[in-house]
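Order as written gives the chain letters A, B and C; numbering starts at 1 within each chain.
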Amino acid sequence: MASRRARRDAWLGYALVAPSLALFGLVYLYPVAYSAYVSVFEWDLMTPKRYVGLANYRVLASAEFGEVLVNTALYSGGVVALSLGLGLVLALLLNHRGALSAALQGCIFSSYIVSWVAVSLLWIWMLDPQYGLVTYGLRLVGLRPVNWLGSPSVALWTLVLVTVWKTLGYPLVIYLAGLQAIPGDFYEAADLDGATGWNRFRFITWPLLSPTTLFLVVTLTIASFQGFDIVKIMTQGGPVTSTMIYVYYIYEQAFQYFRLGKASAAVVIFFALILLLTLLQWLVFRKRVQYTT
Amino acid sequence: MTHPNPLVRWLTVLGLLVVAAVEVGPYLWMVATSLKDLPSVTQFPPSLIPSPPRWDNYAKAWQSGPFLRYFVNNVIQTAAILVLQLFFACTAAYAFAKLRFPGRDLCFVIVMACLIVPPQVRFVPLYILFSHLGLVNTYAALVLPYAVSALGTFLIREAFMQISDDIVDAARVDGAGLFTVIFGLMVPIARPTIVAFSLFSVVYHWNDFFWPLVMTTTDAVRTLPVGVSMLREEGTGARWHIIMAGSMFVVAPVLVIFAVAQRHIVRAFTFTSLK
Amino acid sequence: MKQMLAGVLVVLLLGSAGRAAADPIVAQFWYSFGGKNREVTESHIKKFNESQSKYRIEGTFQGDYFQALAKIRAAAITKTAPAAFHVVGEALPNLWQAGMLESMEEFAKGPNGTDLADFVPGLTQAGYFDYLGKQAAPLFALPFFRSTPILYYNADMLAAKGVKVPTTWDELRSAAGKLTVREGSDTKVYGFEVPVDWWFWFGLLHQGGGTLMTPDGKKAAFKEKGQEALQFWVDLVNRDKTMKQPPGKDYSAWEVANTDFINQRVGMIFTSTAFLNYMTENAKFKVGTAFLPARVKAAVPTGGTYFVLMKDAPTPQKEAGWAFIKWMTDPEQTISLSKATGYMPVRLSAINSAGMQSFYKDNPNYKVALDQLRNAQRFPFSPALFDIQREVIQPNLEAAVLGTKTAADVMTAADQKANEIISKYEK
């Protein structure tokens, strides 16, 4: 009986997964395989492909590509850390019913749903080191203006800050949800034991939020690795190459320089690297996640 | 927020108001710009409230292209993608979470690998493929490439794994059909995750400009963000007031949905399940 | 019975022939701009379609310039490319050599031909390119929206400070100095601003007496004069501190420069004549325009896009595409296009027409780009041109201005890379 059920379950499993896998294979893996194929050619999308073996990979083993990797890691790390931190703080502060709280949540969420194009111009103006609003604010408090978008050492962090600003609504909503899913009994018990605010957070809130945190780490990391719009609109990878991140680099190689072979090789390398990283991240974090069961 | 010291409370409120102002300010600026005339837009220091408000900017933006069609297409595209993503993710997640079959974990890793492939990488091969199939300029070109979501599958699998096997077995013993189990029993329990993911998906695809642009060569199935991008001018001077008015058409529906659904979204999460 | 059948057949044939005659040949025209240019183009497409019934053109927006180019190429692979599109001059040699484009020689001489001699020489394909001693390519491109960079200046600001309009590099330098307004360590007004961009660098290169390639196109020749051009900017930004470098590559920088000019944050800028309408309508001061300052000589690049026909398109669609292109470059249309946008008319007869002449009298700023054409510099007709622009020069100029590399290093590296690319195409 059990083994019949087990076999039926196995068939069921395949049946349920097959359509998804087929689609994944077609729309995600086929392009990667295609990239792997193109990566051993030199191709401008127009003239016939020219076989060059591993030359594209050799070209990529360069300081320029290394910088792209570092930029991407920094951008992603910055966005995830700040989004989680700020999102959590705001969620803790806004975690109660009330018109004010709802209104503030709405304000924060409004920037999340607006498209990049609409706000990028405003940010470019606000950050202008000559007359931008932010510059004006800095001067008011006696600080020197910063060349937010025009200085190679600062530009990437500027993009991190703008990204966090724009996407803050998402971790806020998710953390709020996570907070409200924590049963009140835990806190009551803690209060009876005379726990302080910090202890409540450390021993109840934070651990019980760990599934939420994992959720956010994964989604934010993936979203930030695919960061493209902000670079395309605000800095185009510059100044110099300081804001060149993964997806923009590939886009530039493929559609500005029409070096599809090189772009494809970059795709293959990133795919391998990030697959590794995601698996690692997942394995590490799931040990630290606690469920209420 | 219930700190005993009133000073701390007031400072916190102040801080929150600053954050809210910073977050919503640019959105308000967008609204203000959409009602100005061009010289007012580029002047500095900027004027806050245009007088008189130029409502005709909205008419100009709307008439610059088949915006109604774009709007309908956008709704169809976003809704179709969401429905398909949820369907495939829930069914696959059920299999990954509750069923055993050889190669299950390998299949799952393959799905995870797809998380890392951005649209810029998929464009050329899929365009060529869809073109050979005659599917360019159809809804299929916009929806199929996003019909499955690795993120959704991953997240819903996590949520399903948290549901105790006993509940599932009990339901099956009671004679519940497969889809009843998945969509009638497990989905409601996993509602928080599903709502969170749906939010992510809707906002992303509603605002997506790149894919509807590159997979179409005519206006037939194009969406609002493409329409708004057509308002941008790079050669003879940008007309920001009209661009912002156009952007408002994209933002407004999602904002309305969020305003209406905010309570429901939060309530979805407070449904404390059998944890 | 037979008569009836014959009658039916005749009616059917006549009917279908009539229908065939009534069905216009449909062809696609892909364009890559939005906003005002798009509106103007679409209204002209509509007018073309209404003015005759043989052809119907459908125009569609395909993203920005690079997205459109990528889509054209992808569409060419799947044989679904449009009959007609437009493209920047620097990309033409590449596309021609790859066999993507159709020659227009036969069309131009044919029954629906056009008077090639009436085109403004500096704006044509032949006037744009230096064929490097080789045989000239046949006609395959007609000018669409064409422009040159000009010097825009805030006439009120210059008059208030008693500054003359500069005509040489040295005069530009001193004028920028006089126009810059500083308050402590802040610069309230910059004297000069220009996007650190290939197009303007190309102008400076030639103003200093340099060229991009050797006359036979086999080697890069810009190292020395290109360095001097770049150094000019480096000095203005870092030593004199009278020039603002607008942030961003490509069009964000251009938009910042325009906005700064309109907001009177800068006294003089270089940018395209295509923005003249925009500036005049939005500036609250008197806008003056002038030639780009000279050094060893006066020199300007030209810019903008050309109409081209896709070789792989079916013949009837190519005919339709040609008819449209020919019509768009006819004197009447080039006048209306120019007036609506600020780009230059491409026909001599259009420029000499009474209407345009009086327009120029009332709006002398519009004549500047036209007059400046006598200083137009040619681009080498080499497939390496596009790569040199996009990969070698454009992304690397700012490193020198930002101080992360010296102009000498930038140009030495660029020279080497350019030679690699040229030799790759020579193979």
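One rule holds for everything that comes next: a residue touches a chain if its C-beta (ideal position, glycine included) is under 8 Å from a C-beta of that chain, and two chains touch if they have at least 3 such contacts.
The structure presented is a predicted model; accordingly, all values stated were derived computationally and were not measured.
The chain pair with the larger count of C-beta pairs in contact, out of A-B and B-C, is A-B. Centroid distances built from C-alpha atoms place C farthest away from subunit B.
Averaged Cα coordinates give subunit B a centre that lies 38 Å from the centre of subunit C.
Separation between the centroids of subunit A and subunit B, computed from CA atoms only, is 15 Å. Multi-chain contact residues, meaning those touching two or more other chains, occur in subunit C at positions 67, 70, 74, 77, 255, 259, 263, 265.
Touching of two or more other chains is recorded for residues 44, 124, 229, 232 of subunit B. For subunit A, residues touching at least two other chains, in rising order: 45, 121, 125, 131, 254-255.
Listed in rising order, the residues of subunit C touching subunit A in the complex are 66-67, 69-70, 73-74, 76-77, 94-95, 98, 100, 185-188, 190, 244-245, 247-250, 252, 255-256, 259-260, 263, 265, 387, 390-391, 395, 398-399, 402, 404. Partner subunit C is touched in their complex by these residues of subunit A: 44-47, 121, 124-125, 128, 130-131, 139, 144-145, 147, 149-152, 233-241, 254-258.
Residues 1, 12-13, 16-17, 19-24, 26-27, 29-30, 44, 88-89, 91-92, 94-96, 99-102, 104, 107, 109-118, 120-122, 124-126, 129, 144-148, 150-151, 153-155, 158, 162, 164, 178, 192-193, 196, 199-200, 203, 206-207, 209-210, 225, 228-229, 232, 240, 243-244, 247, 250-251, 254-255, 258-259, 262, 265-266, 268-270, 272, 275 of subunit B are the ones touching subunit A in the complex. Subunit B makes touch with subunit C in their complex at residues 38-39, 42-44, 64, 123-124, 127-128, 131-132, 136, 213-214, 217-219, 226, 229-239. Subunit A makes touch with subunit B in their complex at residues 6, 9-14, 16-17, 19-21, 23-25, 27-32, 34-35, 45, 90, 93-96, 100, 102-115, 117-119, 121-123, 125, 131, 165, 168-170, 173-174, 176-178, 180-181, 183, 211, 215, 218-219, 222, 225-226, 228-229, 247, 250-251, 254-255, 260, 267, 270-271, 274-275, 278-279, 282, 291-293.
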